[in-house]
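Structure provided below as structure tokens; questions to follow.
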Amino acid sequence: MATAHSKSAARMMIAPAVFVLLVWMLIPLCMTLYFSFADYRPMRGIFEAWIGFKNYESFLTSSSFMKSLLTTLWMVGGILTITITGGVAMALLLDKPMFGQGIVRILVIAPFFVMPTVSALVWKNMFFNVDNGLFSYAYEFFGAQPFDFLSQAPLLSIVIIVAWQWLPFATLILLTAVQSLDSEKLEAAEIDGAPAFARFRFIILPHLSRAITVVILIQTIFLLSIFAEIFVTTNGAFGTRTLTYLVYQRVLESQNIGLGSAGGIIAVILANIVAIFLMRIVGKNLDN
Amino acid sequence: MARAITTQKKVMWTALAWAFGLMMFFPIMWTFLTSFKTEATAISDPPVWFFFDWTLENYADVQARSNYPKALMNSIIIAVGSTLLGILIAVPAAWSMAFVPSNRTKDILLWMLSTKMLPAVGVLYPLVLLAKWLGVMDSRVLLVVVLMLINLPIIVWMLYTYFREIPGEILEASRMDGASLKDEILYVLTPMALPGIASTILLNIILAWNEAFWTILLTTVDAAPLTKFIASFSAPEGLFYAKLSAASMLAVAPILIMGWFSQKQLVRGLTFGAVK
Amino acid sequence: MGNISLNQVTKSFGDVQVIPPLDLDINEGEFVVFVGPSGCGKSTLLRLIAGLEDTTSGHISIDGNDATQLPPAKRGLAMVFQSYALYPHMSVRKNIAFPLRMAGLDEAAQTAKIDAAAKALNLTDYLDRKPGQLSGGQRQRVAIGRAIVREPSAFLFDEPLSNLDAALRVGMRLEIMELHEKLKTTMIYVTHDQVEAMTMADKIVVLQAGVIEQVGSPLELYHAPRNKFVAGFIGSPKMNQIEGPEAAKHDATTIGIRPEHLTVSKTEGMWKGRVGVAEHLGSDTFIHVHDTGLMDMMTVRITGDIEARHGDTIYLTPVADQMHRFDEKGLRIA
């Protein structure tokens, strides 16, 4: 229904949301932009309003930046690999006929609802800890030396923690997609003599490709901003400093606002690139 | 499907699925069990599973800590507050997009979703600065507003999808019956959309409760919710696994329960409809 | 009360004009039916009158007042939707009460009106049920009840019987007509079914592509259709329309003769043909005749039954004063 009355009402009704988000986007972002072109180190009382692109230069050329990019890549890549392959496997498994499927789903979904600080601390102390963690007991039980996860493989540790949290998400999404697969296609293939793996490769996987893409994109957006888990376990040390964490440290720990802001802008640009791909898929779906 | 599913196969899948399910759930189960142990039992070698002297001393200890009740209160206020504030702003917006769509509706919706993609570090310092300048640093109000802003796109999106399922004719009928816009939304739309609104509230409370960036960096003592309270266990002070477990269970249990009811909403809310 | 006028009303959606400038007068107490094929604009026209859509240009006046800019709530009209549009979360009583609540009536007055409407529509036993617990016909009545209590200057019906099964449809048709007899309020009724139009209307408005082809009483449209479209739309089975030399014989580009205005004979008549399919209903028989040389297939309606087998020769003769003549523009020749 579209009358002049309802159209103007609609404009008024949507205004608060648009206004509020606009302010949220513009003001802080513009401030960050502004600071990125300044030399501002409050702890040392330095403030120079305009130094051009020097912050960007030094941020981009610093060794910490390249390392943080790699760290981010490894972390996000590792988590994605585990969650996607695990998610596909779990989704296929949960789709099979079984007893107590509802309960199994609940068990699998649960980790997603645990707050990041809790899961990080529980894993850090009760599983990874080299003296008292469960994994150490397991190692000793099998006669091996306990492996100090957090100091010997900190990145892997964090990957495990976050993958544990996000595997349920991927599973749920992929399960929804698997359940939308028309069983007739699979049956036809079976009748045609296709073995299980071929059925998986040529029918199931292509059908899931769209869902997998969505999971990858959405998870990437969220994974780029992993914070609490790092904060609470390694505080960015031992090669676990992602781009996000690097910017955080520059801004709040070393208080080099100018440098940190430049880093923040760079992070925004990188995130936008991922977002554009996601928006295209979502946009296509909105047309339906 | 005419072919019978053999019980044997079913048992096999059941075993496999339960194995993985239990593996995934194990850390939570372990935390639950440990929360009832004494500290000594918690780190015993070999680890004990079920047969030990269950005690409630850890729960008592955690709850007696001066900042636990406050942290709990803060979590509740921040999660519920930001959600309700978000609903207030989102319901009219979703109404407008669902029932009076224009050529720009799709673009506006996409733009709103894109604001969620903004990396928090990109606006970290300005927010800290603004908070200090406005005198709201470490206040619940600040967190309610910030968390509302980061979750608003999801709330709008979810309400939009639920509203679209309501037949527009019923709202037209209410207009013919003399209802003003306020009447239409209050007496017709909201009751009909109540399940959808409830689901949205549920999912959002979960997301806000678990938020662990702003709640950690924008608070110190007064407004620190459970996310930060737990983080205070990260510097070890002697034996503390059992207490950590109790604190964790207290922080996590309500959300686990809410979460079990909101699986479908999770898919709807966080994939923005890209997966049906 | 209940006079509605449309003056040079147009409606466009974007660049597409679905209703070119249109004038129409509806008088107090009339039962007016908007009828036409799908997409002809009849529902759009109804919604323009209701105020659910804005006119692109032109004026609508209700009881002498310009209502063009008024929102639906202020036009004093009531509408029954095709899907009934009942409030699913409210009981029947609350559904019917809703407009009264919006008008600010006190509880006692509300109850009085609701009970009266319920009695008139046989809904008294269902007042506490929810729409989901009612049958299609009952929901239909609740929708009507909700409209009645508003005491509008006109009722608007948007294809109200389309969702009912055939048997129910006939019954409801009569009920709506009885309602009109009793209330004497103006009713504007949209349908694509020309039988509904013919049986219910005081005045029929035939629409095609947003244009009013003809306005008139059912019998006027039957006996004197203004053009070929109306001639073919009103009356079932459709009027036989013949072009070519046979039409020229009668000084027209097209002649039309309704199936019920042809007499048949096995031996002699004006036109000769071969029997195709014959539909025997007992009360009537429809015979489809081929190879007349006049048109692809002519339809004849006969009361009672006739022995006519597939392939038989048959002669048709039109009843003299029932032949319609149309010129090259498709308009009626008097």
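Per-chain residue numbering starts at 1, and chain names A, B and C are given in the order in which the chains are listed.
Note that in this section a contact is a pair of C-beta atoms (placed from the backbone, for glycine too) under 8 Å apart; a residue touches a chain by one contact, two chains touch by 3 or more.
Note that the coordinates shown come from a computational prediction; the quantities given were computed from them, not determined experimentally.
A comparison of C-alpha centroids places B closest to the centre of the full protein.
When every pair of chains is scored by its C-beta contact pairs, the maximum goes to A-B. Set against the C-alpha centre of chain C, every other chain centre is closer than that of A. With each centre defined as the average position of its C-alpha atoms, the distance from chain B to chain C rounds to 55 Å.
One simple way to say how far apart two chains are is to compare their mean CA positions; for chain A and chain C this gives 60 Å.
Computed from the mean C-alpha positions, the centre of chain A lies at a distance of 16 Å from the centre of chain B. With touch defined as above, residues shared between interfaces to two or more other chains in chain A number as follows: 1-2. Of all residues in chain C, those that touch two or more other chains are 52, 71. Shown for chain B are the residues in touch with two or more other chains, namely 172, 175.
On the side of chain B, the complex with chain A involves touching residues 1, 5, 9-11, 13-14, 16-18, 20-22, 24-25, 27-28, 30-31, 34, 42-43, 45-47, 89-90, 92-93, 95-97, 99-100, 102, 106, 108-130, 149, 152-153, 156, 168, 171-172, 175, 181, 206, 209-210, 212-213, 216-217, 226-228, 230-231, 233-234, 236, 240-241, 244-245, 248, 251-252, 255-256, 258-260, 263, 266-267, 270-276. Interface of chain C with chain B (complex): residues 50, 52, 71-73, 77-79, 81-83, 85-89, 98-99, 102-103, 146, 150. Chain A meets chain B in the complex at residues 1-2, 6-7, 9-14, 16-18, 20-21, 24-25, 27-29, 31-32, 35, 90, 93-94, 96-101, 103-119, 121-127, 131-132, 134, 137, 140-141, 164, 167-169, 172-173, 176-177, 180, 183, 187, 210-211, 214-215, 218, 221, 224-225, 227-228, 231-233, 244, 247-248, 251-252, 257, 260-261, 263-265, 267-268, 271-272, 274-275, 278-279, 281-283, 285-287. Of all residues in chain B, those touching chain C in their complex are 167, 169-170, 172-180, 183, 187-188, 191-192.
Considering their complex, residues 47, 51-54, 69, 71 of chain C touch chain A.
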